[in-house]
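In what follows, a structure is listed as structure tokens, so that the remarks can point back to it.
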Amino acid sequence: MRKSLLALAAGLLLAGSVSAASAADKLKVGFIYLGPIGDLGWTYQHELARQALVKELGDKIETTYLENVPEGPDAERAIEQLVRAGNKLIFTTSFGYMDPTLKVAKKYPNVHFEHATGYKRDKNMSTYSAKWYQGRYIQGLIAAKMSKSGVLGYIGSFPIPEVVSGINATILAAQTINPNIKVKIIWANTWFDPGKEADAAKALIDQGADVIMQHTDSPAAMQIASERGKLAFGQDSEMIKFGPKTQLTSILDTWGSYYIERVKAELDGTWKSEDSWGGLDSHMFAMAPYTNMPDDVKKIAEDAQAAITAGKLHPFKCPVIGQDGKEIECKGGANLADGQILGMNFYVKGIDDKLPGK
Amino acid sequence: MQLVLEKRAERSNTIALVSPLIAIGLTIVTMTILFAILGKNPLLALQAYFIAPLTDGYSLQEIAVKATPLVMIAIGLSLCYLANAWNIGAEGQFLIGAVAGSWIAVKTQGTDAGAWVLPAMLVLAAAAGALYALIPAICKVKFGASEILTSLMLVYVADLLLDYLVRGPWRDPNGFNFPTTAEFDPVATVPLLIEGGRLHLGSIIALLVVAAAAILLGRTIKGFEIRVVGAAPRAARFGGFNANQLIILTFAVSGALAGLAGIIEVAGPVGHLQPGISPGYGFTAIIVAFLGRLNQIGILIAGLFLALTFIGGEQAQIAMKIPLDVTKVFQGILLFYVLACDSLILYRFKLVFPNRQVARGAG
Amino acid sequence: MELVEAIILSVLAASTPLLIAATGELVTERAGVLNLGVEGMMIVGAACGFGGAWLTGSIFIGALFGIVAGTLMSLIFALMALGLAVNQVATGLALTILGVGLSGLIGAGFVGERITPATHLHIPGLTDIPLVGRVLFGEDAFVYFSIALIIGVWWFLYRTRAGLILRACGDNHVSAHALGYPVLRIRTLAVMFGGACAGLAGAYLPLAYTPFFIPGMTAGRGWIALALVVFASWRPGRLVIGAYLFGAVTILQLHAQGWGVGIPSQFMSALPYLATVIVLVLLSRARTGGSTAPATLGTVFVPDR
């Protein structure tokens, strides 16, 4: 019995070399999602972008996604499954897929990969991300204008540079309006736990914050701010539904145009490995309508948005003063260099908190 | 009318062979209905789940990779459960093993440390897993504290310890603050068996573990003691077997195997230490142990079978856009049917109609 | 001082789902059944609870949906673990897998929808008393219900004959059976009660805490409820303390960050679990020769006829 089972398995192994490579003439594009497509945040926005892609190029491509793929030992297999299913361009949409994507990319040099928010690239592996700190800067201006208590509440996920640079951009902007502005920061240590995000928002409000900003994914904080009659900014997606009188604006991840652009390049045969780090000028993200604020604040926000888009205003214009009072070395000429922002590991002056792990 | 179980005089060997088939048959019927409701072609769906992954070498390799930690942990757990010791904290022992082994990898990173690194990691991971498992075992033996619950609590502690280490002291200095250690050096990595594949040495180790457990239980006195203590505690006491000593022993062995599985997973498929290295292996392995009826070959088959449903679930998602949630429902239903049908080995089901006469008389 | 009141309010809200789910599991375990599927029953309760409230616009009906969903889930468990004498640990784990999948399927229909959350009590005068007003007279119905529930369970377990019989089933099912009590039927009822509570606790999250449904929103609270039962050493009074203590640690850890206290949050988070192990050891030690757990917890019982 056991022997025959082994023989059967061996036979299957041999037969396995002929894999099912279907000869569809449509370009196959695959996506790996971290969360469920209904998370209302990060994964949801990627899914909306995929739908936009299908709407635009649906007659030329076929898309597939795998949702809820944990950033652990299973990620590499999930990516490879997409490759083996014939996908020629694969978007891996979370930081934790970086090493698995790289491994699979090395194995399949003829397949192209696009990894979101990472820093490792290869001949057939691009990275893409957005300069969200630009949006945070605008939010900082609005927050300082709208806050009566002069205390902002900030819910962080993890102290990675993307989040830290967002906090710094916020406070730098706020200081131009109110030099004494304070920010209270709570690390939720999760991207996604609505209950905990709500608890963090409550704690911040209870400690005196009246404008809540979040770098976590669910609309829970918006909801709490709305209940308490405070103001808040959305994250990733449009959250006005959860705070019609609360949301000032939201940083919307709008990957759609990037996905369409890259898929078009793939169809034309002009795809090459790139590092796309798009700002407000690139449609990589957008600001939701400015709501629940007086016209003069709205004007400040719109002017800042226009100036940033036109390249006239840079949130990290030198000199940037660190928490210790020393000036940060200015490696990018008039502004901090992109590398300094991408690896940001310090707080600017005016934040009286300690960066975890420092 | 009432469903009543009646214990069979001896376990039915016929049903032992037939019951998995009944279970699979029931699952297929249930899922066919579910797929039909969801508007998917049931035949194609079942083909994607069960058949497709078995027809190419790549998927078979992936099944083996996925089954490796499950089988290794489940073998250890089966020893515990046979001896009536309820370790359900294998997830924690897995994580502690991963942490302990990674310690060597992190500390030797970038040095010219030689081939001793990987073996040392494996040994340390097994030792750490064993020690961590001894906490609930000793609490049980010395104080009578329920090992089910203490071992479960320690899972969270291990999880948070790992979280702290990779966000703090062990974080990759060049990793932009992301919570992960640097990639392990080649000497700290589990070697692959097939160039370009993912099958690694760990799968061979898992097979050796299966064989060793079979020999231990089938051919040694200790194995006999374990079985007797579990099956007939009173007889064991008369026989002079020390039940407490066996609790300690089986917990240590299962902890060591879980710890070993942990470091193999980290130094193998993952390549660095990070949070989320285990998608619940320690808990899934409990199910594997029971699906395998606490028998070594059974566990091997059950581990491979469960791995098949994971791989098949992904392929069904790709090929037929079947949501992942359906795969979870499918796994849940399958487990229920298999466990329920296995109950037939020991019991006979009977429908009983209560005697109204008596009922009235008693009322 | 207002801050203290605010913190207490947050703690109560955070503890309530834990308390409700743990109360149910406590009764289940006192009857001798270990149902590890709390997380699975909770998440299905959350999905169905939200669905019910969204369809009807009534929080009350939503809560009922949650209760029914949790009970139905627990019936699957009862059929398996009690009816067919399958191992309880394995069944509970399988139930969690099933529940996570089912909730995703059920919830897919109303992703992105929101409802008006449960209202808070407001008694003019009383609710406005400084410091204690909102804590005592300004909660939502679930909070009051959870307290009534645990008092009811305490009264039932220790002051009624039925409670005594239930405990007897948990402590020695053979004797209980010999005395003529229908052990399996009692256990089935206890399991159903546990399921109803877990379903309600799950429903609390989308109905009162964060009024939308997102897959996976229970985020491990079912497992914490299991830990709490142990921490409480199967006593209702200690369960209340445990649940609020746990909620307090969670909330205070967030506040500590806001104040800029630099303890690694992982240590704070690990404390309750370590405390549970220590409490369990101390309690077991105090009663030499046996633990305080129901003696037959998790073991299969098949009555011989």
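As written, the chains take the letters A, B and C, and residue 1 is the first residue of each chain.
Methods note: a contact is a pair of C-beta atoms (placed from the backbone, for glycine too) under 8 Å apart; a residue touches a chain by one contact, two chains touch by 3 or more.
Protein names from UniProt, one per chain: B, C = ABC transporter permease.
Keep in mind that this is a model prediction, so the values were computed, not measured.
Using the average of C-alpha coordinates as each chain's centre, A ends up farthest from chain C. Here the largest set of C-beta contact pairs joins the chains B-C. Annotation: 35 Å between the Cα-based centres of chain A and chain B. Between the Cα centres of chain B and chain C there is a gap of 27 Å. For chain C, residues that reach two or more other chains under the stated contact definition are 104, 108, 215, 264, 266. The set of chain B residues that touch two or more partner chains comprises 163, 167-168, 323-325.
Residue positions 36, 189, 356 of chain A are each in touch with at least two other chains. Contact residues on chain B toward chain A in their complex (touch as defined above): 52, 54-60, 62, 65-66, 163, 167-168, 171, 176-179, 183, 196, 198, 265, 269-272, 274, 276-279, 297, 310-311, 314-315, 317-319, 321, 323-325.
Put simply, chain C touches chain B in their complex at residues 34, 36, 76, 80, 83-87, 89-91, 93-95, 97-105, 108, 215, 223, 226-227, 230, 264, 266-267, 269-270, 273-274, 276-277, 280-281, 283-285, 287-291, 293, 297-298, 302, 304-305.
Across the complex, chain C meets chain A through its residues 3, 6-7, 10, 14, 104, 107-108, 111-112, 114, 117, 205, 209-212, 214-217, 219, 221, 250-251, 254-255, 257-260, 262, 264-266.
Within the complex formed with chain C, the residues of chain A that make contact are 35-36, 38-40, 44, 153, 184-190, 192-200, 202-207, 218-220, 223-224, 227, 241-242, 352-354, 356. The touching residues of chain A, when paired with chain B in their complex, are 2, 9, 12-20, 30, 36, 64-68, 70-74, 76-78, 80-82, 84-85, 95-96, 99, 103, 107, 119, 158-161, 164, 189, 342-343, 345, 356-357.
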